[in-house]
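Just so it is clear, A, B and C label the chains in written order, and each chain counts residues from 1 on its own.
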Amino acid sequence: MSRLAVPKTYKLFIGGAFPRSESGRTYEVRGADGAFLANAAKASRKDARDAVVAARGAVGGWAAATAYNRGQVLYRIAELLEGRRAQFIAEIEEAEGATRAVASAQVDEAIDRWVWYAGWADKFAQVAGGANPVAGPYFNISVPEPTGVVAIVAPQDTSLLGLVSTVAPALVAGNAVVVVASEHHPLSAISLAEVLATSDVPKGVVNVLTGSPAEIAPWLAAHADVNALDLVGAGDLDWVDLEIAAADTLKRVLRPERGPDAAAPALDRIAAFTETKTVWHTKSLR
Amino acid sequence: MSFLEYAPAPESRSILSLRDDYGLFIDGAFRAGRGTPFQTISPASEERIATIANANADDVDDAVAAARRAYERTWSRMSGRDRGKYLFRIARLVQERARELAVAESLDNGKPIKESRDVDVPLVAAWFFYYAGWADKLDHAGLGANPRALGVAAQVIPWNFPLLMLAWKIAPALAAGNTVVLKPAETTSLTALLFAEIVQQADLPPGVVNIITGAGDTGAALVGHEGVDKVAFTGSTAVGRQIAKTVAGTSKKLTLELGGKAANIVFDDAPIDQAVEGIVNGIFFNQGHVCCAGSRLLVQESIHDEVVDRLKQRLSTLRLGDPLDKNTDIGAINSREQLDRIRELSDVGVDEGAERWTAPCEIPENGFWYAPTIFTGVQTSHRIAREEIFGPVLSVLTFRTPQEAIAKANNTPYGLSAGIWTDKGSRILAVADQLRAGVVWANTFNRFDPASPFGGYKESGYGREGGRHGLGAYLAPASVGGAQRRIETTDATPRVESARRARPAKKGAAK
Amino acid sequence: MAGTSLVTARERALAVLGGEPDDATLRRYLHGIPGVDAVGLEQRAAGLGTRSIKTTSKAWALDRIISLIDLTTLEGADTPGKVRSLVGKALNPDPGVPGTPRVAAVCVYGDLVPVAVDALGAAHGDPDDGAVAVAAVATAFPSGRSSLEIKLADTAEAVAAGADEIDMVIDRGAFLAGRYGLVFDQIAAVKEACRRADGTSASLKVILETGELVTYDNVRRASWLSILAGGDFIKTSTGKVQPAATLPVTLLMLEVVRDWHRLTGQRIGVKPAGGIRTSKDAIKYLVTVAETVGEEWLQPHLFRFGASSLLNDVLLQRQKAASGHYSGADYVTID
């Protein structure tokens, strides 16, 4: 006889916890075939606010961790994802109506991107920074530092790969992230959050919101405690308004991208959320 | 007699031969502007120097079109090696005409000749030398092989370092293969126009550098122009914010170098005499008209009185007056508007309960002047501890521990620069690590070099000027496959915040 | 001019140090003084060096430089004749130009003090009153490598012979070995040896030989140490070691003197010596004095140049200022 399945409740991921939306709202998530999959939490502006608070609280410690440590933490995510590979493939098949091969390819690529970015953690500063030969008796060095709290509108057309492709590079340099998942395919995002929660990623470093990007993104774009805005998945939103809102506190903004190559792995994506700090010091034998 | 009342030592103005009026420099030639011309005056005497053309929207069109033509027909096709040679030529011409440029700068801007002569103009030449060498080495700029220029760069610069800011903008832009339309500040157009003559002497192809003069509306027309690919602005955070909104939704690449409220942190083990010099240099260099000025002195409470005492004694030796006198330390405030703002904020400081001390110095009758001023007893909640005064006014605050110093230093929406004074190496490095500022000077202040990236965190702007990083602001990675970072828009029409016009087409299919 | 009272100097040192001037106490004190950032110090000095001194200010400066010079001859080949010639130059630097000031002092080896005193005759006296003093180098100048007894005898002999000022050298070896107490004691003992039978005392200039101390932190500490031990002047160099006087080192010593004045109210003199050959350079020193400790220091009892060739360059400049055209080496006298 067949066993009655136990469905999962999908909630938000804020500050390392899985709260329901404070608004109490949910929305129906349906598969590609129109079948009901689950109710996802529909995050409100207050959830976004809480996520920013959590991210701000976490960014100092994450940024101060050694680059070696950050690299290991990011690699650990890949390890855990690999272990739950089957779950993600199944989720993507259902959600996106993808074939097993396509879904597998998406999961594999997501895992490999974690690995790729993990390896950058303790190399990026060497590539992006350096010593500057100034004309004077000074030691002068430039290093990239994390911008701070990065709000991301994840690519909307994939469940996992777009999300990973935007979150991972932001984490490399030590930023904390508030990411708005794909509105139509939010379930893998929460499953990923479960992976993150059981990995070594400190609480609050990644915060995942599900719901309507159109509703949440403006609050993040205008939030004064958000330092940067990745609009890669906001192509269908009024993203110009988001960029204008972001200008009020001069946030760093990445504009929308579309298609399968959106947020392709690139050093640029790490650099986009870093600030170059240059330190001078006098030098003398006397 | 008093020896310290040094006899006048004026730099000769005879080296300078100015025209009575200056046109716009478009497509390699000077021409009249179609806006109403304006006068540029010496802020030290309020005397008229010359009449300056005013570019209207049509002139902006012409300048952008000239830059576009030059980009497409000449500059983008020229080898990096030859572009570099043009920049080397410019560097040499600046050196040859250094004294003349320094005199013009001090005359028009009001800054002391010793600064324009020893700091501004030498750095201008250095900037062109530095970036000249980059022109044929762009593969090593950090963007991968064959990076591409952006096209036409619109550049708007401030009045505090007129020629130096021009160099910061034009040198990397040209090295990277862009052409430029640059607008100097309304009150300080003169050296940019002398630079236009240098461009002619260098025989730079027409249209590669265009200089249009005018006020804020000219600048707005330029940065909003649909024909430009890159916008670079240095100036106030308020205007920078407006520009960011204008550029939003377009494909223009934007770099902003904006305001600051730098903390200069002095620990109790600091090399005290050099720290005092650094504080003075930090806030009174260029009359405090410096975005990275150390306008907030954070001094460890245990040495507060001693530092303030020494500072007052030192300030009493500063000489305020004729910018062209070689012994002048403090020149004129650049404009009446700026003077009014400094006065207003200083008065606010008094109202807020801070204690004002002003260096004893005679204020000339004509012109715009503000004596070096220190506010003690300033609290973090005071406006003079938070707002950029952009004048020779120092706010003194205290701290007890390194943690508190860092917290207070970072407690600002700005993040351009900071200073640390201590003999303890480990503390310097740890504090430098935690300061949210783009430039940190340890046991020195206000040092600039073309090889050294400069720019801010947070509301002090984004992008870097100087060094390899500064070059990146004028380049894009080679367009291959999915590496295209930005969505392409078919319509580069800038949006104005108030006007809710149609969205730019959001095409952006994968390329 | 007369040196400060011995008793008050020692008492003041004890009060400042808060204990006996032994190695440990002095080390605690001297190493507690804020450090010096060399780059910043040199930049400040360079900045002071860019002052442009013109017309009336320059005329005043040139005259003042002359009146602050310790006209010096310190050669193994010095003879009574050479010293008499030097004194002649000191008294009458520019025979063709009446009204040219006299130098502050002549500076000679101790054994030639009687010659100098004799040659000066009635003009011998306090330079602050327009007379010319006799300064003698002592204490096994320039190396300082001899026993304390010999140094004291050297000093006492020069004072007895009529020297108004003693230019002693510190024991750089002891200083660099951290034996601050020994250096202190030697200075204090030499100071005692400067005392005359009538209870007055010759003024004591303490030569740090900054070229051998090398670092600015050392210079600053040695300056404090010398002042604490009773020196009336601190002097950069013997002139026998390169580098001798530099503007940054002099600025640093002036800063110590300024801080000592803030602390105690006492004014200490500074003497850069060696290497200052041109009026242009000397004017930079005047500017540095005026802007660091104030122009009241530009008096013979508070500031001196230890120099020889400087005088003629100043005289050439004066002639140029008076006549409007450049002068030549044959129009000033050699000593």
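Note that in this section contacts are C-beta pairs under 8 Å (C-beta built on N, C-alpha and C of every residue); 3 or more make two chains touch, one makes a residue touch a chain.
Remember, it's a predicted structure, so these values are computed and weren't measured experimentally.
Visitor: So if I look at the partners of subunit B and the partners of subunit C, which chains show up in both lists?
Guide: A
Visitor: If I average the Cα coordinates per chain and compare with the overall Cα mean, which chain comes out closest?
Guide: B
Visitor: Could you tell me which chain lies farthest from subunit C when each chain's centre is the average position of its Cα atoms?
Guide: Farthest chain from subunit C, going by C-alpha centroids: A.
Visitor: Specify the chain pair with the maximum number of C-beta contact pairs.
Guide: A-B
Visitor: Let me have the rounded angstrom distance from the C-alpha centre of subunit B over to the C-alpha centre of subunit C, please.
Guide: Those two chain centres are 46 Å apart.
Visitor: What is the distance, in whole Å, between the centres of subunit A and subunit B, each centre taken as the mean of its C-alpha atoms?
Guide: Those two chain centres are 35 Å apart.
Visitor: In whole angstrom, how far does the Cα centroid of subunit A sit from the Cα centroid of subunit C?
Guide: Result: the chain centres lie 70 Å from each other.
Visitor: Touching at least two other chains at once: which residues of subunit B meet that condition?
Guide: Touching at least two other chains: 443-444.
Visitor: If I count partner chains per residue in subunit A, which residues reach a count of at least 2?
Guide: 136, 138, 282
Visitor: Could you check subunit C for residues that touch two or more other chains and list them?
Guide: As it turns out, subunit C has residues touching two or more other chains at 37, 39-40.
Visitor: Give the list of subunit A residues in touch with subunit C in this complex.
Guide: Subunit A reaches subunit C through residues 136-138, 282-286.
Visitor: Give the list of subunit C residues in touch with subunit A in this complex.
Guide: Counting only subunit C, the residues touching subunit A are 37-40, 42, 214-216.
Visitor: Could you pull out which subunit C residues touch subunit B in their complex?
Guide: Result: residues 34-37, 39-41, 43-44, 50-58, 60-61, 64, 255, 286, 290-291, 295, 298 of subunit C touch subunit B.
Visitor: What part of subunit B is in contact with subunit A in the complex they form?
Guide: Result: residues 126, 142, 237, 240-241, 244-245, 248-249, 256, 258, 413, 415, 428, 432, 435, 437-444, 447, 449, 451-455, 457-459, 461-462, 464, 467-469, 477, 481-487, 495, 497, 503-504, 506, 508-510 of subunit B touch subunit A.
Visitor: Within the complex, which stretch of subunit A touches subunit B?
Guide: Of all residues in subunit A, those touching subunit B are 127-128, 130, 132-136, 138, 140, 142, 147, 227, 235-236, 238-240, 243-244, 246-250, 252-262, 264, 266, 268, 275-282.
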